[in-house]
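Only one structure is covered here, and it is reproduced in the block below.
Per-chain residue numbering starts at 1, and chain names A, B, C, D and E are given in the order in which the chains are listed.
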Amino acid sequence: MILLVLLVVLAVVLLAAAVYATVQKDLLYAVLATGVVSLVLSVFFYLLQAPDVAITEAAIGIALTTIIFIITIRNTTRDEDKYSEDMINRFKTEEE
Amino acid sequence: MVVSPVHLIAAPLAAAFLIPLLNKLYRDAARVVPGIVFLYNLIVSIILVNRVFQSGPIVEIIAGWKPPFGINLLMTPFSAVLTLLVSFMAFVIWLYGFRFKRSLKGGVVMYYEILQMMMAAGSLGIILTGDLFNMFVFVEITGITAIALTAFYRDRDGAEAGFKYMLMGSLASVFLLLGILLIYTQTGSLNMAQIAGRMPAVATGVKITALIFLLISLGTEAEMFPLNGWAPDAYSQAPSPTSAAFAAVLGVAAIYALARVGFTLFDHGSLSAFLTVMGFLTMLFAEMAAIAQTNLKRMLAYSSMGQMGLAMIALGIGTEAALFGALFLIINHAVIKSLLFMSGSYFIYNLNDKRLSALNGIHKRLPYVSFLFSLAALAIVGFPPFSGFWSKFYILTAAGERRMLPLIIGILAVTVIEMTYYLRVIGRIYFAKEETEPASHKPSIQALVAMTSLAVLIIVLGLYPDLIAGYLHKASMFLLDKQTYIQTVLHLS
Amino acid sequence: MSNYQEIISQYRPLLEIIVYGSAVALILVGLYAVLVKKHLVKVVIGLSLIDSGVNLLFVGVGYVTNHTAPIFSPGYENAADRMVDPVPQALVLTAIVIGFAVTALALSLVIRLYRHHKTANVEQLNRLRW
Amino acid sequence: MGIIYILGILIIGALAAFFVDDLNRKWTGPVAMLFGFGAAVALAVLPESRINLPVLGFTLHWEMDALARFFAWIVLGLSALALMYSVKYMEGRARQGYFYAAFLTSVAGMFGVTVSKDLLSFFIFWEIMTWTSFLVAIYNAYYGVETKGIKYIIFSAIGAYAMLTAMVLALGQYHSLEFGDLATAGAFRLTSGSWYIPVLLLLGFAVKAAVVPLHVWAPAVYPKTPMSFTTVFSGAMSKMGILGMLLILTGIFHSGRVGELAALRLSLGWLGGLTAAWATLQAIRQNDAKDLLAWSSVAQLGYIVTAVSTGTRLGLMAALYLTLLHAAFKGSLFMVAGAVEKQAGTTDFRKISGLIKRMPWTFLTALIAIISLAGIPPLGGFVGKWLLYESLISETHSYFLVILIFFASTSAFLYSYRFLFGLFLGQEEEEAKQVKEASWWMLIPMLALSMVSIATGMFPGLVFGPASRALESIGLPAGNWDMSILSNVWGNQTDVFTVGSTVGILFVLWALFITFKGKKNTRWLTTKEISTSGEIPAPEDNFTFQRGFFKPFERAVGRLYRWDMDAMWEDIGAALEAFFGFIRKIYTGNAQTYAMYVIVFVVLLILFRNYIF
Amino acid sequence: MKRIFVVFLLLVLGLAVYRAFHKAPFGQNRIGDVERPQSVSAFYLKHSPETLHTANSVTAIVVNFRGFDTLGEVTVLFLAATGLASILYRRKEEEEATEKAHLPGRIQLPSSTLVRTGAKILFPLILMLGIYVFVHGHLTPGGGFQGGSIIATGFLLMFITYKRFNVNHNVLIWLESLSGLAFVLTGIYGLISYGSFLQNTGWTGRLNDLISGGLIPLIYIFIGIKVGTELTNVLDTLLHTKPRRHE
């Protein structure tokens, strides 16, 4: 019974993390939330008798994907609503 | 067993892994090696095509497990024709792009050559494989190479086009995965022949859902109407040899996948109407958008989409004559559209301007390239005596046999639009205000050989279509014959 | 372990909702991000969420209640009929790696786009249109 | 094999011209001319022959029978002369290799059309002829490519694709494309539910024959094309439409079933009549010789279409006769216009006039051609029109149509006069003083064509013989012609000759009388001497009476001029372009929108899957 | 408004997907079921221990039964690395310009001595773990991909901790190319000696031995090396793209 509850809790955490990753404005937290999604997913895979997949997801999903997202955020912007470094949108002026 | 279909894929793979090493030893290795590989592929595919047409389909088992358990490569007459086409076009495009970015040294060119080579290899994989998930892997290979190539140039909006392509491609691959999984849950197999055999027993609801998912994903690759937003951007931003390869290599593979899924995996009758209507819409919207373009490559891109739409219509009609027309059209499209991209990009290269209005009087500067471009433009519109006429005529004939009057009228009305903008360009090239500035970038000898060989092919196929007609007839018959496909794969002696 | 297996077989329909449901929900949340969110990184996050969902779906489909992982550890050499379906797992391995490859490529595109266009807003990437 | 030889000569000629131009521009024209004459000579020695070529499961069937020979003579003869004319006409122009290559290929296409005995090869040659002629047509159009040439090719394409539609439908229904098979299968029966097949075919031919309302391309393109090609364009290529109509209406529909086609024939006849009338009215108000001739061509084609539509022996005879005649006189008229253009730099009536002294031979040609065109005996035009009236009155009894045609051909006098007066008579402009007579390279073809007009007028049997054999070959029975003027004669003395020569001699006498009488009392003026009756002219007053030449006439029929079909088609084109521009906005360039399309598409498919799959 | 529309669309889509997969009920055995057609996995589960003597049947499938997929997959990764490099490559002059401009590079947290020492100790351990994982791929869960990614994680640790940590690119390229080539050559070896690409050797050892499964461990080692180097390459490329905040 506890395990079932565990599964339910995991599913809730999974979805919560996914939704958090979607709505969070601070992209760094959003990316970390996707890491959490991968983590929970990894546990899921383990519980579903797929240890191979669990290890892969753990290695790739949690570590590598998260880090490349973070690198990207460093190279772009961290705030979701602030698309550009400058407050003035430089895109328009650079046309042509 | 001297040569077998797997050579066609193993050779580029080995070469791709080898190129970074060789490039350290010899500076131009990255340029030369793909050519050797493509030449080898061309020879192998000629041998294999001969074998297929003389002694029936070739089934090659990978890893020693018979289908449906192992992955198998399959060379039916249908895929044999397309294999030969892709090998040939890949070689010609390599030849054309041999001196591509001569100024860039080292790594960058290497990346480009590897990606370009693997795009052809992935397309060959899609055409050859007999396994659904394997097809997904090859779709991903082509997808990734295509995206990277689209974003290759930094001074263009390549990254933007690449991002769009990536987004659409990712969605497509998600749906492809879902479709494959659904099929697997119902049939317990990933082998296309076995799936085809077991498909009739599958519940209709699931079958149709799987079909929808597969159609969405393959439709994205094949530039079906609402799914083709990536195409004009990708075509217009990619390096020119890549644009040519999009039409001549990727497009071929996409249409093949669509045909294979439509005719072998599923029952063609159920999606005949869908393919016809969507094909027509693709063609209509693409050509309507094309006529208003001001950018040469973008216009050609829309025109490509139009041709793919026509191919889809032919697949939708689905009679033997229509499939013959479709095959012929794919061949024509590959040859002619590549020639258009190749010659067109020399205009752009010389003018540093992609706009159509810049083309005025370009023939003074590049007479031979202009001639080739005009030839290809006339051919793709479907003027006799060029090869484009026969494919269009055959597809129309097939439609005529089914008494699809509105469809015929629709196709021809759209063709009028197509003709209008192509002839406008010809008018510009030859008759607009003249410029006298001499050519700054004459085409290299390799590019000239490549383009001329395509032009010769256009004329030869136009004057003597019977050269390939026998093969195409056999190929289209085989595509319609689902049972033989299943038997061939599953009951190996 | 046995306790866990029993519970799972008992509550199979509920588990189906949990596993399939979270997989589908992941796909949908990811799609929502792809379709609505304007920041490029968010869009790519959405794509990776979709991938995760599909992977979960794969593994879920391969799962069989009360069956073990498809590994013939010593002493279980003849347990083939009590193992879960290994094929989807093998496919998922491939899919995860491919998904990572695509994500990496997408992120590199995002970096390039940001440099080129000075913005990470999807809506402003419309120099190529019509 | 003879057909292949002729095609080969033309194609090789095209290639030769193309490459010779790179070597030495001077030789391009003569080389092309040699090949043109070579083809004509080959036709002269060519026996009846047939060829079957299997292509992709179809058989291309070419046969040189009497009908083919009749049209082939028009095509090759006129082309040879036009090529000769072209040598000097095109002298010093750029891209001659291109011009001659396209020219000769186009001639090859036309020749192919004449010998085709199945719809597929007919269509193939038709298309070859179309796109090559397009290439020639835009030769001059440095800035007008967007509208003029494109207009031509769009209309041609609509016509050609109408034919193609009909072809594939016919193929689906009758499983053959040979004219013979179709005829024996009783194909294209209007009552069989596939009435649209012949209608679509006729639509295709009507475009080439410039029938109202599909004529707009012709007046736009003819004047803009180099005149040496316009000669062929108007004289031979438009006749391919006539040939097609002839084949469909008479060759495939047996004459025995004339009644079945009554509606079709009637409407075609009326369209022809309307074309003639409308184009004549338009021709009258043109201020440029080339425009005038272009409209006049359309009008003449209208007569021929009407003649074809009768479907009777007499009517068809008139059609064939007029076809040949029109090729002759319109060919020479366009050559005249070209000569004037070449020598004087313009053909605008308001800018140039009074060339009679400077270009007497040209004037002579123009005079003969105009007389022939207007249908004044003793020249050929008269015979053709006579036959046409006769057939309309006595055989199909379409009296109202006769009235229309009569109105058109009477009005034709107005523009005929305008042409002659505008260019050659009238006051001599200062600017015209330096103009010299055209080169003999140009004059000889013109005079040769005039000879044709005269000879056929004097001896109509020269045409009746081949024409009658041609009609036999498409299934009309040979035999006595039960019309008085033709019943007993083939080539020698005819009633036509008697009537014609009487009237003609009287006319010539009258003309001489007028000339000599007028000579004494005429005071020659230049434009600068026009009296203003003491009034001081305002700057905007224009004294050149070339302007507003037919003002009263225009005032009389002014209402008719308000219909501008050209504007109508252009509006349609503009509306379509705007629509396309609107449609392409679906490609918004926004990646998310595209993704949205995907999802919407999936959802739609899922929701309606039961209906779609 | 758009969001509501999107949510509606997604709900319809989700419902359809769920309904379709509901037809493949969760947790039910589809292997060898009488009512359902024979799934291929039964064959795999039978032959993985019996013919290939590979304990981990997922590995058997990935490397042997569906080895062609894996070859493709490795290629995808390779191409992604190549594509990444081609997208993010920098021209020489650009590189110099950024160097000169003293850009505030990527945000470098000053890593403490503790972290650095820890990383130094951890790095070999992680590498060992990775190698262990792919060497034992045919016996225990894990394999080339997992091991390769673990190795890449180790390098990641070093990249993050040590600013100046640079891998030798030549070594990476050699390893990557050679391992990839070795994979293909193994396949060709099968083609030449057994007539089928990637075919396993006849000798496959004993189940649950370290050296068993014929070529499977070998191939998985190649895959491990290749994936490890490729991922390291990807990380390297990405990490060394410096942000260009001010131009």
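Convention: a residue touches a chain if its C-beta (ideal position, glycine included) is under 8 Å from a C-beta of that chain, and two chains touch if they have at least 3 such contacts.
In this text the structure is predicted, and so the values were computed from the model without any measurement.
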Any chain that touches chain E and chain D: B, C
Count of contact steps on the shortest path from chain A to chain C: 1
Contact-graph distance - origin chain A, target chain D: 2
Farthest-lying chain, centroid of Cα atoms versus that of chain E: D
Chain centroid nearest the full-protein CA centroid: B
Chain pair, B-D or C-D, that carries the greater number of C-beta contacts: B-D
Inter-chain centre distance, chain C versus chain E - centres from mean C-alpha coordinates, in Å: 16
Between chain B and chain C, centroid-to-centroid distance (C-alpha), Å: 30
Between chain E and chain B, distance of the C-alpha-averaged centres to the nearest whole Å: 30
Geometric centre distance via CA averages, chain E-chain A, whole Å: 19
In chain A, residues with contacts to at least two other chains: 51-52, 56, 60, 64, 68, 71-72, 75-76, 85
Contacts with two or more other chains, residues of chain E listed in rising order: 6, 10, 13, 16-17, 21, 24, 30-31, 39-41, 44, 56, 58, 65-66, 69, 73, 76, 79-80, 83-84, 87, 141, 145, 234, 238, 241
Chain D residues counted as touching two or more neighbouring chains: 584, 587-589, 591-592, 595-596, 599-600, 602, 606
Pairwise chain contacts, counting only pairs that touch as defined: A-C, A-E, B-C, B-D, B-E, C-D, C-E, D-E
Residue ranges of chain E touching chain B (in the complex, touch as defined): 16-17, 19-21, 23-24, 30-31, 36-41, 43-44, 47, 64-69, 71-73, 75-76, 78-80, 82-87, 89, 170, 173-174, 176-178, 180-181, 183-185, 187-188, 190-191, 194-200
Complex interface listing, chain D residues touching chain B: 54-57, 95, 98, 123-125, 127-128, 130-131, 134-135, 138-139, 141-143, 145-146, 149-150, 153-154, 157-158, 161, 164-165, 167-172, 196, 577, 579-581, 583-584, 586-589, 591-595, 597-602, 605-606, 609, 612-613
Interfacial residue positions of chain C with respect to chain D in the complex: 31, 34-36, 38, 43, 122-123, 125-130
Chain A contact footprint on chain E (complex, rising order): 56, 58-59, 106-107, 133, 141-143, 145-146, 149-150, 152-153, 156, 231, 234-235, 238-239, 241, 243, 245
Chain B-touching residues of chain C, taken from the complex the two chains share: 27, 34, 40, 43, 47, 50-51, 54, 57-58, 61, 87-88, 91, 94-95, 98, 101-102, 105-106, 109-110, 112-113, 116-117, 125, 127-128, 130
